[in-house]
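Paired with chain B in one complex and with chain C in the other, chain A is shared by the two complexes that follow.
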Partner chain A sequence: MSHVADVDLHITDLDALGAAAEAAGFELVRDVKTYNWFGSFLNDWNDTDRAAIHRGIPEELFGTCDHKLRRKGASEGEYEIGLTRVPGREGYTPLYDSYGNGKQLERALGGAGLPALKQGYAAQVSAKQLRKQGYSVRITQQTDGKLRVRGSR
Partner chain B sequence: MKQIDVIIDETGNPTIHTSGFTGGECAKETAALEKALGAKTKDTKTPEFFKATVGRITQ
Partner chain C sequence: MSAHNCKTDADLATCPACQENLRAIASAPPAEPEFEKELEVVVGEDGTLRFVYDDDLADLIPEGYTCPIQRASHVEPRVDGKWMADMRPAFKLMTEAQYGAWEATLPGNISPNDAAQLGPFASRSEALAEEVAWLKAWAGV
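For the complex of A and B:
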């Protein structure tokens, strides 16, 4: 099965992504051309909201990347998240095979669509920009699950 | 003290809250942040914003 999922996140700051990945137990591996997935496209997933093929991403891009995210302590062959330049989109788009052991990626990152990665990335981008503007920054997790990035000066 | 809070929900959507700014100073200060986050975020205007606006109109 090959269920390549498109994540609704356009990454323009790799350093911020690396920090978010680190906090979630992943590592950013830069300048690599492939990531682990099923390995061939079977066109067997019709979810128009999530399936990359139905969201305008050509199958030639599946399994290819510019950088990738790997779970720390991942076993040999465990699926990974590719960070891929998609024509017409800004930055890098995360793509991953959500079938089989791809479920581990979703379990680690908040479920389908990797919301914890999106949340952590937004927090790191915010913190970086606030520091750039001269604020001292603190990131805290609220009891309702939201992240608060507070800049003060 | 000037303070900017970015609250990010569990799906990754950010909302910006500010305090200690007056008038348009706040929008200017958060513009780069909104740009960095890649989208127009929700914002809420504090009483300071309106106080400063009224002040300018009545001068």
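For the complex of A and C:
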């Protein structure tokens, strides 16, 4: 089965994404053209909120990427997250097959839509901005699950 | 102003009171580093950012994006020169749970509208510090 999910996240800062991925137990692999997924598109997922095909992403982009995220210690063939330039969108869009062992990706990154990746990326972008302004930065997780990025100078 | 009359290094070296002061200074724990400025950004589980606006954070709003910047409070002087922080505008930024948690701390004889008027403070900077502390404590920023 192929359930290619479109994550509502447009990545413009690969360094920040790499740091967020590292913190979540993933690694950013740059400049690769394919990522692991089911391998062929069966058009059998009708979730209009999540299915990439229903969110305007052309089928020919499935399985192709510019960079990708891979779980550290991933076994051969384990599904990965492609970071793909989608026409009409800014930056890179994460695409992944949510079926089969794609569920492991979701479990590792907070569930459907990979919220932990979004949160980690946003925190790293914030931290980078603060560092650029001369702040020393600390990121802590609150008991309510939110991340607090504190800059001091 | 010291009660004794130490003027030279030689005086200091033999003065018991000065020697006691020097020992106290030497044994004091190092002061915590003081930062000129601290900024915080809270990142929600869906990746949304929430922060008290500061120009140093302006670049977090990507060009071409609209981002709601809303007033959370007013700090104003009173006629007697003291300062008040009016936190009522923050009510509309708070979730029901945040508002409820804050309201539950109020004594029964104080209305939320009155309780949200912080002060009076002797200085504007004190009012601004309390304003930010309140927003962090209750409004999730």
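As a convention for this text, the second predicted complex is superposed on the first by the 153 of 153 C-alpha atoms of A that agree within 3 Å, B and C clash if a C-alpha of one lies under 4 Å from a C-alpha of the other, contacts with A are read in each partner's own complex, and residues count from 1 in each chain.
In this text, a contact is a pair of C-beta atoms (placed from the backbone, for glycine too) under 8 Å apart; a residue touches a chain by one contact, two chains touch by 3 or more.
Model, not experiment: these values are computed from the prediction.
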Chain C versus chain B on the shared chain A, clash or fit after superposition: clash
Touched partner set for A:121, first chain B, second chain C, both or neither: both
Which superposed partner A:151 touches (first chain B, second chain C, both, neither): both
Which of chain B and chain C A:9 touches, first, second, both or neither: both
Which of chain B and chain C A:133 touches, first, second, both or neither: both
Region of chain C that runs into chain B when the structures are aligned on their shared chain, from 1-9, 37-45 or 91-99: 37-45
Footprint overlap on chain A, comparing chain B with chain C: 9, 12, 110, 115-116, 118-119, 121-123, 125-126, 129-130, 132-133, 135, 142, 145-153
Residues of chain B touching chain A in the complex: 1-14, 29, 32-33, 36-38
Parts of chain C lying in touch with chain A, wherever the complex brings them together: 35-49, 56-57, 59-60, 62, 140
Chain C-facing residues of chain A, complex: 9, 12, 110, 115-116, 118-119, 121-123, 125-126, 129-130, 132-133, 135, 142, 145-153
Of chain A, residues touching chain B in the complex: 9-10, 12-13, 90, 110, 113, 115-119, 121-123, 125-126, 128-130, 132-133, 135, 142, 145-153
